[in-house]
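Per-chain numbering from 1; labels A, B, C, D and E assigned in written order.
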């Protein structure tokens, strides 16, 4: 099967987006589930919708699939306007959370379902089902019923069922949320490998930031029905454009600082008594005055107390985490406790006075309690 | 309240264990949920039962609480044989997952429930409830119903309810598993602080290894109804006594090596072509011959290919995780893929040939496919 | 203190309540209570409760009254305690233990606009007309009317009714339904379900009063006379009151009221009726009328044969349609 | 979503079908509504004259009044008994294993498949054989037997969904079993118990077939009184009764729907 | 410690009730083997006469009628109830769903008499349907519904509909919507989704609803009595008639007993049949 799909996908891998969403929005009886959204998904891209519960991820996915009718806007799949096309003619493949395998059909019947609806001949159906099951390494399970499969096997059947119809777009709604950590990791790797191999345009929904970071070509971080930032995983993690993204994705240390001024490459600011000069990637900065500075734990460093350029802090407690220890610090200049990771053996004990060194480049500066400018 | 409890607990902090479990086991209609277990829990100790789903954690907790009747063995709480004592006379405090606050009572009534059952006078009940709520910083919430509280507040009410009766032992069954990541971390810290302050003997059930490592005095790692290892978090993490513990707690890289010989401090072995000499903490080692060597990712190091003493490996894929990247390596000498963490910016691309340096001390050596000797 | 009367439910109970019981209560100050049910049901119940009778006075149909009497469920009547019985017509003196309360006929009632044009039922034979296929109803609780009619039409003695069974079976196609009680009969008629019925004259009059265009035919062979009777339940401890009740029933004014309200024929000769009521078919005010307009089945024979007729009828006429 | 002609046809035929079915459900009530205002005792459509005489007749007719009172008594008592016996048994069923448990369960549940007339006949025979008088208690006994399975089922479901941890928490706080029962289990089961009792009361109030076998003149229930009325009178009084009945039930359900959401009560969401 | 607190007290009332049920069942079995003594409530000696009597046509006909009634009622109730339940669960508008729910539920709480009486007024020769059709000139003579199987079935369908709808709706509402969506995404149109997913998955609900409909119809008395008017005799009407017109309790008991055994047999056969059917959906 893979032999057949990949080339066609590759041929399509031209200029036009696989999915184009133009101002699509949706309300349910008054409450806005999704504000109008503009988004282009590239051919063969793995795009993740990431956000907290209720932020509109499933709604957006259902709009793409056609299970919901948009209040406004237009939707294109491979240049075709599909806003008015019913779901069963959109040629999308879907894998649901909990997989939604048909419980009354065995594995082969599940996988073959989409081919039977397309009136593919019996022989060809059998052949393609076999190939698809090979692809997900379930060749021997054709006769099992879904309730005779493990979670991971069910997930692969769901994937095979979605892939066998050679969909233009693959949609996945939190497919791993029911799995335990080990299986989850294994499944992530498998899905990513198959997706890459077939060059499948994929929209993936999750609320797990680590899953999003590890699998995606691009991530759309959502909150309250809006896309708050779209970009590659490193964009999102290293250059979050607002406080929401910075704290939702990864750990964030937030310091209260006073912005003095900036030039082409540097900003100058004071943190408590300490004056600092940092390189920044931001084009727009807030007005000089009190602002919030954001830095990842791994961007900062724990230093000796009083070291030049460091911000004074006191160890509140250390938390053993096996491969490392978390050091939680009370720091006059920080809004909340500051967290740093150190090798477990080097963890200072509670009460120790230390310093925190900010990175010379990288951290972001936001308006107080607010968004990046 | 804290003033009253702490001294009594401290007085009790003598030789005899707070809980002593002598060969207690339990089966449900034929299937063994818990093999006979021997365990002593020290006065004031925070002991965690850690293990995968279905391993018998809740069963053991329920046996201590008296909600289940043991098939065999004896149970002592503060030297008293309680095997035949019903739960309501065991003087234990329990905090459940989702807290099990009585939904038809307000916060004060919930907290006061255990005092009313003890026929404590109204005035004293009111006073002790007030103190307990102060302790968990919920003095102003006495009149609220549970459904008017946030998850974190509910958790604190549940804690106050369990503490106000001055239990001999505090039992907690996955109290945080329903919380989101941020709240969970905050609650862990709070619980640990109160437990330490009151010196409460505590048995804590979780399947989250990071939670276990960060909170416990000792951890009992369980699987399939058995305790596989008991020890301090560092014992468990750094000196796992068998392959199950090593892989369940933290990440583990497992190499197939040939054990040559050992002396007082060193073992000598060959990994593929490479010959190595390592310090070991193990007293018992398997017979010389093919064995499994176990090392944590942070004990190993990624080196240039061909560096002396390093094992050759090829990068299979790198997985971006924000604060770091996971490098998955194919390595002829390893049973599975080997994983190493590196700063995200330093992640080598797939296909790169590298070396893996084993630590000079620390790794454990197991029999093939098996347990430590 | 109350007197308990066993009677049919519905409009018959109401009738007794409004006329006889009213008079009785006026005279004695004693209230009347009813227990109600179908004719046969009450007979059975009376048998079962013979040791602890539920009622003091029982109303029932003349021939079923014989069953009560023969079974010792009625007390023999001391006519001297019923002064009003002096004027009782002969046909109402059924047995030493039960006497008539009112009379009526079972005859043909029909809806003129639902039967073939011009059909008038001058003879019972008209019921056999093929044009009436699936249009007729008769009571399922008492087949004696149609059996005696068939016997008469075939010229056989009622004792040998079996000889008329061919004739009876020939009528089978014309039956649509068999009603189970008086209300049922009225419903079947008023809904046009069965536009032709062998029915109780009193019910037909009631339907007329409700505005239904129902005609009551008295065929030349005569209509089947029926007498509803009263008896005193054996073992009652209210015997004196029971006599007073029966006497009240035979009061000429009460009898006139019964005729007026429900078009039951008086059973005493001294009741005075308005002319238009006296003229109605099924109401007899003269001895000649009692003779000429009626087809009389001997009560005791009817009592004896009822069970046999019912069984034959339900097995051969009712079932399997 | 733009739909194909086929989809439109499907939608429209669905709508027509639904309307027809709802029409079928409602038809008798609409018709009975019209008929109840017909001045004549003779049925005719459309009625020629209108009046309320059947309503006043319905209200004045003694047997209805007595029947109503009997039914209210019987259903209140039967629901209470069934509630006590049923919730006790549901508890035992849910919590314990004991010998004869499944036999007991089968017997108590059997009225779900035993026809009501058989139950009525059985108790009639039994009471006659035992020379018990046909009092209202016999009617109550029949009703308890008939509604008990429904109560057991509904309480059992509540118990299955019941969070055992509330009880365990109470126990751990020192509450003895009886105290746990009174302060935790019962209060938390109250909604389930109330809806179970309500359902039992409604079922009992409407029970007809089995009652017919065991009532007498004095103990006849409302449905039996209605049945007897139809057997004894050919007028539309019962139409008036039906209209009042339908309106009362619909109003009751609407209120229940407002407060409890029927979808939830019936487990159809 | 008492390991099973309350066991005794809590089961005592139901044990007593179970005894009553068992006793009345035994009474029925016992009576059905006893002779009828006319005019006495006490039965005579042991005999098999009652069962031989049951071979008579009247009774055979009643059995046949009952079976046919149950069958037709179940079929039509399903055909009507399924779309209704479907609409109740799946209708887009909350208001419509509530309306459907209330409309289909109200009859459940109206009892047999009110509903049967209403149908008499609808179906009679001068009833609503015939009057309307005749006034509109569609028919010359009234259509016979009363005293026919058709009439009884119509009323019985109406009688069993609510409980069937509630049971079907419960089954339908528990089908995961994502299954239907998955089928849609795989290219199945609405009819196919219904036939290959929704319908097969609701078969357990259909089975439960059908057996309940069967039990209700079997038990129905007022409807066949009032609408069948003696022309459509069923086991229930016969039991009443035999029991109360001739007070022949032994015969009534044997009728009841055979009826009950019959119900159990039919439900058993039906349930095995359904289990077969459940496997069937997979191939569509």
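Just so it is clear, a residue touches a chain if its C-beta (ideal position, glycine included) is under 8 Å from a C-beta of that chain, and two chains touch if they have at least 3 such contacts.
None of these values were measured; they are calculated from a predicted model.
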Required steps from subunit B to subunit C (each step between touching chains, minimum): 2
Per Cα centroids, the chain farthest from subunit A: C
Most widely separated chain from subunit E, with each centre as the mean of CA atoms: B
Euclidean distance of C-alpha centroids - subunit B vs subunit D, Å: 54
Where subunit A and subunit E are represented by their mean Cα positions, the distance between them in whole Å: 55
Subunit C and subunit D: spacing of chain centres that average the CA atoms, whole Å: 40
Residues within subunit E bordering two or more other chains: 41, 124, 126-127, 189
Residues within subunit B bordering two or more other chains: 86
For subunit C, residues contacting two or more additional chains: 180, 184, 187, 190-191
Interface residues, subunit A side, partner subunit B - complex: 180, 189, 209-210, 213-214, 233-234, 237, 249-251, 296-298, 317, 319-324, 326, 328, 341, 343-344
Touch list for subunit C against partner subunit D, complex: 8-11, 13, 34-36, 180-184, 186-187, 190-191, 207, 210-212
Complex interface listing, subunit E residues touching subunit C: 39-41, 56-58, 61, 120, 124-127, 142, 146-147, 229-231, 233, 244-247
Residue ranges of subunit A touching subunit E (in the complex, touch as defined): 65, 67, 86-94, 96-98, 100, 102-106, 109, 113-114, 117-118, 161-162, 165, 171
In the complex, subunit E residues that touch subunit A: 176, 178-179, 181-189, 192-193, 196-197, 200-201, 278-279, 281-283
